[in-house]
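Labels for the chains are A, B, C and D, by order of writing; each one numbers its residues from 1.
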């Protein structure tokens, strides 16, 4: 189970902007540690964002997304009390879901 | 948890750009790069960890750090970082945040911090140390507050003086001191703009931004780390965490920075 | 995990509408999500484009923002907004990375075809924003310089 | 330690005998109450003790690196201030006496190696491998070849260095001396004493000289020329 994400969602003029910071090493598999051993690839592969039960974004990622990834997108709608949830899965089978409630 | 609005973000970006031109860095070719980050700083993830650690009941004495006095009374974190380093009567010395946190983990929680004191900073790719996470959280609780590093106690003034001397101390095979790179304004090393740290403007920009998320390392680094890594690049032996020279330098920079608003954790190359 | 599965099915249903025009593309090929593995593993721009279904046509209707010069290639902010009607996907490619394809974003109905993220850029090179709209590929290109910022030690 | 440093250190003993004597008698690494005791006895000793307790040997960076020679001590004191003429003269004289020119009289090595030295910032840091050659990190402070845009501005620009100055014996000796020990010309210069302090070997200094003077070196080309030649 990964570390918690930071999700901010702000609704203005009928549109909701979502910003997500995820805690993940995003190792490419090409980096060597201090002993000179290759650090195995470890990166998020799929991200899904939902607004209440509707999918509002899906992303497929390689290892070239930066460490501790940042993602910003926006969708139509959003009302106070609505849930915005973000879920990721990585190549080592780890996953994480966090959510925020619109104000 | 505070929810920042998008207009707040835009304002912050505009302010960051204004600030960079105010410091005479209009020609700073990284201004556009930095502005694109807005205020979305991965350091926030570390702040969260630090907040949990601060509140968590830990150690042989099974208490949280809410019993820890960071200078403004037990458990007071708001504004504490902006007034450190300072003299602590109970410890009988001048301490910066990191030294104080280790002291509290040891005395309040009864934890063995020998290992953490030896290795206060995380290795590349490894999770942040407790000290880094706590520092990020505590520093963030001074956001927007004026830096007010005290010079009341004689030991605080002595620390400032030691820091000032250390700043100019040329040694090692390359004859470097802090002043070699940070004694003039408007200079850069490679493409990196250098702050003049022996006068208020540069010291303010530096002190207010640390701890900071270091992009190169994908991790939050503390002000003690900044001092130690400069010492490494000066070709000096290892700067001991919490040592008189380290606390001295931080006191020196903090006092010069007095009056500036804290804005840490920052975002650095 | 239930929520996860449900959202994937919703997505699959929404993209099925355009499946007929892009049978080569795995995302549209099945009722269940399939990661376009070959595109992520491809080396060089030509092979990557081939794995994505063809060479995109240059378009001025893509707002693509990257810094001209990056202080650190490990984190390069990118912003892409597509003004091409019917945009369903935006991909970000970094020409000289070991595998150019960095990320694909899929936009269901109701989500703005716009995304902001941060990618690794191994060396000075072109970055591509590739948009899929109505089964066709469009692209915008920008160069980002990656330099040594600090003391070099 | 180089011969030059030994000489300077000898001179220092004469000038600052009293201070040094008290420092030398202070055991390294005093802490706590011992420090407080020392403070009562001698503030200089206390200062020294605080300094020594603030550092620890790390990799190749030993505690001996905290021992300042005369120039270091003097220039630390006068940082950001004009240096008294008399002292400046003495530092320059000491520096001049220590300069060693190439034994075979040849100032030039391989500019390709010189380029590597100019661009490499590693060397002599606690985490550097001492078996690897040291870099000179010229680009940290100086503009040199057009093609390298990541240059610093702490030192003067050296673009077209040889092209602008020619290769007279005088300019070669001047440049070699600058690299060897910049304090010959500029007391309390911030530039490392690459020769005098043994940062670069004689061969490496020759390579840097070639990088600065060789007409084929990128330092002496304009970017258009370089691009045209590459195309041919």
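Keep this in mind: a residue touches a chain if its C-beta (ideal position, glycine included) is under 8 Å from a C-beta of that chain, and two chains touch if they have at least 3 such contacts.
This structure is a prediction, so every number in the text was calculated from the model and none was measured.
Chemist: Applying the touch definition from the top, give me the chains sitting in contact with each of chain A and chain C.
Modeler: A chain counts here if it touches both chain A and chain C, which gives B.
Chemist: Between B-D and A-B, name the chain pair that shares the greater number of C-beta pairs in contact.
Modeler: B-D
Chemist: Give, as an integer number of Å, the spacing between the C-alpha centres of chain D and chain A.
Modeler: Using C-alpha averages as centres, the distance is 48 Å.
Chemist: Can you check how far apart chain A and chain B are, centre to centre, with Cα atoms defining each centre and the answer in Å?
Modeler: Distance between chain centres, rounded to whole Å: 28 Å.
Chemist: Can you list the chain D residues in contact with two or more other chains?
Modeler: 125, 139-140, 149-150
Chemist: What positions in chain A touch 2 or more of the other chains?
Modeler: 66-67, 70, 72
Chemist: Using the touch rule from the top of the page, what residues of chain C touch 2 or more other chains?
Modeler: As it turns out, chain C has residues touching two or more other chains at 74-77, 147-149, 151-153.
Chemist: Quick check: in the complex, which residue numbers of chain B touch chain D?
Modeler: Interface residues on the chain B side: 162, 165-166, 168-177, 179-181, 183-184, 186-192, 194, 198, 231-233, 235-240, 243-246.
Chemist: Which residues of chain A touch chain B in their complex?
Modeler: 3-6, 8, 10, 12, 17, 19, 21-23, 25, 27, 31, 33-34, 39, 66-68, 70, 72, 103
Chemist: Hey, which residues of chain A end up touching chain C in the complex?
Modeler: It comes out as residues 15, 28, 30, 45-46, 48, 50, 53-67, 69-77, 85, 87, 95, 97.
Chemist: Considering the complex alone, what residue numbers of chain B touch chain C?
Modeler: Of all residues in chain B, those touching chain C are 29-30, 32-34, 36-37, 189-192, 215-216, 218, 232-233, 269.
Chemist: Which positions of chain C touch chain B when the two form their complex?
Modeler: Contacts found on chain C: 65, 67-72, 74-77, 79, 147-153.
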